[in-house]
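You will see chain A twice below: alongside chain B first, and alongside chain C after that.
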Partner chain A sequence: MKIGSRALLLILQNAPVILFLVLLVVFGLMSDRFFAFNNFRNIIIQAAPIAILAIGMTFVLLTGQIDLSVGSSMYLTACVVALYMPDMPWPASLFAVIALGALIGAVNGFAVTRLGIVSFIVTLAMLFVLRGIGMWLSNTRTLMFPDQILTLNRATVLGIPSAIFAFLVVFLCAWALLTQTPFGRQVYAVGGDPDSARKAGLPVSRIVFLCFVLAGICAGIGGFVSITQIGAVGPKYGDQVEFAAIAAAVLGGVSLFGGRGSVGGTVFGAILIKTVQNGLNIINADPYVYPLVTAAIIFLAVAIDGTRTRIIERLERRTIRPLQAV
Partner chain B sequence: MAEQRQSLSVALREKRWIWPLLGFLVLWAILTALTARFSLSSLTGVAQSAAFLLLPALGQMLVVTTGRGNIDLSIPSTVTLAAYLTVLSSSGSEAGFGVTLVLVLALGLLAGAFNAGLVLLLRIPAMIATLASGYILATATLSVNARIGSFAKPPLLAWLATGRVSGVPVMVIIAVVATVLFAVLLGRSAWGRKLFAVGQSVEAARLAGVRVWAVTASTFVLSAVLSSLTGMLLAGYASGAFLEMGTPYLLQSVGAVVLGGTLIAGGSATAFGTLLGGLLLVMIVTTMQVAGLPPGAQDILQGIVIIAVLSVAGGRMGRRLS
Partner chain C sequence: MTITPVAETATGATQPPSVLRRLGRLMLSEYFVLVLCVAYVLAIAPFVPEILSWEVASNILSDMMPLLVVAIGQTFVLIIAGIDLSVTAIVSMSAVVGASVMTGTGGYLGDTAFAVPGAVLAMLFTGLVIGAINGFSVIRLNMPSFIVTLATRMFFAGAAVWYVTFHSTSSSIANLPESFAEFATGHLFGIPLTVIAAGLIAVVAHVVLSRTRFGRAVYAVGANPRAARVSGIPVERTILFCFLISGVCASVAATIYVSRMQTGSPIVGENILLDVIGAVVIGGTSLFGGKGKIVWTVFGVLFLLLLDTSMKLLGASLFAIYIIKGGVILLAALVDVARNRWLVGR
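Moving on to the complex of A and B:
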């Protein structure tokens, strides 16, 4: 029983990696353009915005909460940059986007931790509120971005395309924060068992609040990277992106039940999703197939998460006498 | 006197639907006093819009009442796809309407069973499961979007959606009947008691012999069926179908449930509250249209109202949970 569970767990935990390898082989066999260096670089550039969003989402998911408002945060911050900062240098825009994202995250965090409202309702309401504000400000027009932002898309840092560079910076910061600092360990503690964390004296509310702020900041940065790539933003921009971000995190092994996962996994999940889309694109799949495939992958990932959580709970169930190590 | 005050406070706690009723009356009074444009006939318009919102809101209420963060986010996609099915399958005759009705009900049953399967068998959190199934339904809608032609509206559907009985819209009568039906089901039937039991404590309900999965599955199926019926009626009302048709019903169904006093943590629901909550929400939206506010403002206000109501009700919910 126990050994069987552990074997199943091992398979479940590596299912996304197996899926990735299978996809590589399938797409590689169906098109010789898939295995080009340029194509892989493109996949990572395309994956960068979602990956950055998903990294922020990881913090929120790790505490056992959820943020459905990140797509709308992207839209609102993009609107503010396009409408009010057309002549500013890009670092000012980036700073504004980070500050506004942090503010949005703080509102979410405040509602969840101080007003005591469950996060999926707060952030669902915020999804509409933020998009509403963006539509109000922009009058639902499609907004164009100034040249100093658009040229960033072609810029490189140390030979690395700017999108990949931004993605690496966010990834390294998030990784260091989660694995190398007390805050990171506290995030896992809160997600694993909020009651025990509180009894151990951790400021649970403050940690959850900060995770929402981090998600907001990542939504701002991810949105900024995305606008350098697409150049114009309409009222549907960022719609359902929260879905992709959650999917990336869960595919990478972050549990929707809190306490388990890593930013490395999340990044892998984001690249996996973009690889699927890229592959479908290269083999000229029917556009209606895309959402179906994406939804199927998400079901798979979340079903794996549910099964894995149950197995782990079963394995960790306390017995009267300690079991010998298996 | 003290006894009276205590019974009043108990009544306010038990009958949470009093709050949306008060809000509705206050808003109505303000509107009538401030603008000459608001009349009894615009109140009928409010009632009609609220009637269309009511069915999905009742479904949302049932799902939310099962607790554990259950919610149905696939409602807007179900509404839209049902409207498309109605337009595509209608031939203009009453016999054809039978076919449409069967198709629409089948869609509701299938979508609901699918959601229930994801949540109960695969143990996917409802929020994610219904978000993803909504995504699939929306894709199905997109794929039939190009085939949509003229709409031969069956006379019976036209009467249901736009007809009036001595001045009262048929839809409003449907809404009131549905509210009474669900109020009776929740308050007087074994199913209603089981639903509350599941929402309050899954473990206790299971130990008491309640088939938790059957109760939970029934709410997802009812929610999807009510949503697909709404889509059919909306197609009859708007004489057609369009892609964004169901979009408002996501936030508004949650809003009506929350405003009506149903606990978002589950275990307690009120059908009359949901009716009044929907009425209040539509009234707020109408007020803003009368005031001529810009696009997006409706969503902003509805979202803020939901957060505000929950932050006021939050303390009570927190105590219940502990």
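Moving on to the complex of A and C:
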């Protein structure tokens, strides 16, 4: 019994990875084009924008907050680049996008930490406001991007496609920040138990504020990578992206209640979602099935995670009285 | 464990209350959002006198109904500290299932006497099933409701679009029975049927929340699930029922939408999610559970609709509506924070 439950626990601990492997095998068996190097490269290129957004989301989720404004933030920054910087070199656009993203994040962070409004409401309101401003600036037209931005899509750095390069840079920075610095440990501390963190003398407000700024910056960069890929932006651009980013993070083991999760997990979640969509595409599945399968896999992964937590609790509980029926 | 809103006792009954105190009492009372609504109408009336007309008022009222019904269901889920993001998908799925049952072109019960009742039952059943999936996932699989309902939302929104392809060559299911349209257009004693239906639901929901054991259990579970469990409240069952209520409410809203539009479209109500949650929260229901009222939700929905309608009457473009809506949600949240600080400070 004990060995049995240990084995079960081991399987459940690595459930998302096992799920990923199963998917790889299934898609591989159904199409020989799936296991091609080019295909995996494409998956990562396609996953890059969402992965970058989700990395920023991870910081916010780790502190127990949420940011629903990232999709609209992507849209607004894209509008600004297309409308006001058509002749500027791309590094200037990238810088502007990062600065504007940081500013938006700062507004969110200010409203949450200084004004004391729940982050769900703050960022919900910002979702409307930012998209409204973007539509105002663009007159709800579809905007095209200048060539110096579109050519970035085909550019490579050290032989790595630009989207993957950007994604790797953001990932490594976020990973280093979260695991190698005092700030990273403080983020976990704040998310795990804000009261204790405050009593231990941590500047809780400042940490939460910085996490929102980081999420804003990531939204800017993720949006920038995505506009190099699609080249034109309509008023619906970035709609519901916040949910995709949250799904990726949660799939990778980030808790919505804060304090638990990692950047690596989030990236894994984003790649898992794109792998599913890519695999369905390669096996020529009915396009109507895509959201169904994606939703089912997110559901499955989180259901396994929930069951795991419950089993761990049960194993760790010392039974003095007989277990009550659950 | 029930958190009842602070009852306003007449503390200053002996001397006539000052204007400031009266204002303060109004700020704290549960009619605060209603006061906001009235103030807003008075402020905007000089610019758009039409808003005071009977026609606009009745338009607002009938636009309000589907949103209100969804928001009432959402209120239950928010009070138990959950969230139901799947309501829009429930509306869509119910709409297409119902339409596929009663449509005259190849519907399951098309052109029979059972077409309309069968369709309504099918719609309510759809809401119940999706609500049950949400509820069971939360209580049995230990999943956070945010993610459960995010997944079911994605799934059933996709499924609704797919479902239509089996029943229609276009993107929605048309040719619905005439008698079903009467639900949206019909009146009883001069009151639109939809208003009666939504009003009934609101009254029942209010009574359930404030006068029954189940209602008290809902608040207790939301305020502190551990304490609720220890005091013998069936926490799991309460949570499940709240998700069922939300599912059924969303499918009732679907009947109103379908009847009004005379087609079963899979994108009906696609954009109402943030309006619904925004309205409930503007009303004053807490996202952290344990606090909320149906009356507040009614005022919240009314306020959001007033805002929307007045902006449209002013000829504001979509972006202005977005910006102002966002600003108002933020403002309402700020006022709520200020109210709570003041309450604590007293």
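FYI, the second predicted complex is superposed on the first by the 286 of 326 C-alpha atoms of A that agree within 3 Å, B and C clash if a C-alpha of one lies under 4 Å from a C-alpha of the other, contacts with A are read in each partner's own complex, and residues count from 1 in each chain.
Criterion: a contact is a pair of C-beta atoms (placed from the backbone, for glycine too) under 8 Å apart; a residue touches a chain by one contact, two chains touch by 3 or more.
Because the structure is a prediction, the values reported are computed rather than measured.
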{"item": "Fit or clash between chain C and chain B when superposed on chain A", "value": "clash"}
{"item": "First, second, both or neither for A:I117, with chain B first and chain C second", "value": "both"}
{"item": "Touched partner set for A:F243, first chain B, second chain C, both or neither", "value": "both"}
{"item": "Which of chain B and chain C A:P89 touches, first, second, both or neither", "value": "neither"}
{"item": "Touched partner set for A:G231, first chain B, second chain C, both or neither", "value": "neither"}
{"item": "Touched partner set for A:V129, first chain B, second chain C, both or neither", "value": "both"}
{"item": "Chain B versus chain C as contact partner of A:L256, first or second or both or neither", "value": "both"}
{"item": "Partner chain in contact with A:G306 - chain B first, chain C second, else both or neither", "value": "both"}
{"item": "Contact residues common to both interfaces of chain A (with chain B and with chain C)", "value": "111, 115-118, 120-122, 124-129, 131-136, 140, 243, 246, 250, 256, 288, 291-292, 294-295, 298-299, 302-303, 306-307, 309-310"}
{"item": "Residue ranges of chain B in contact with chain A within the complex", "value": "69, 71, 73, 118, 122-125, 127-129, 131-133, 135-136, 138-139, 142-143, 250-251, 254, 258, 264-265, 294-304, 306-307, 310-311, 314-315, 317-318"}
{"item": "Complex contacts: residues of chain C adjacent to chain A", "value": "85, 137, 141-144, 146-148, 150-155, 157-159, 161-162, 165, 274, 277-278, 281, 287-288, 317-327, 329-330, 333-334, 337, 341"}
{"item": "Sites on chain A touched by chain B in the complex", "value": "66, 68, 111, 115-118, 120-122, 124-129, 131-136, 139-140, 240, 243, 246, 250, 256, 288, 291-292, 294-295, 298-299, 302-303, 306-307, 309-310"}
{"item": "Of all residues in chain A, those that touch chain C in their complex", "value": "111, 115-118, 120-122, 124-136, 140, 243, 246-247, 250, 256-257, 286, 288-292, 294-296, 298-299, 302-303, 305-307, 309-310"}
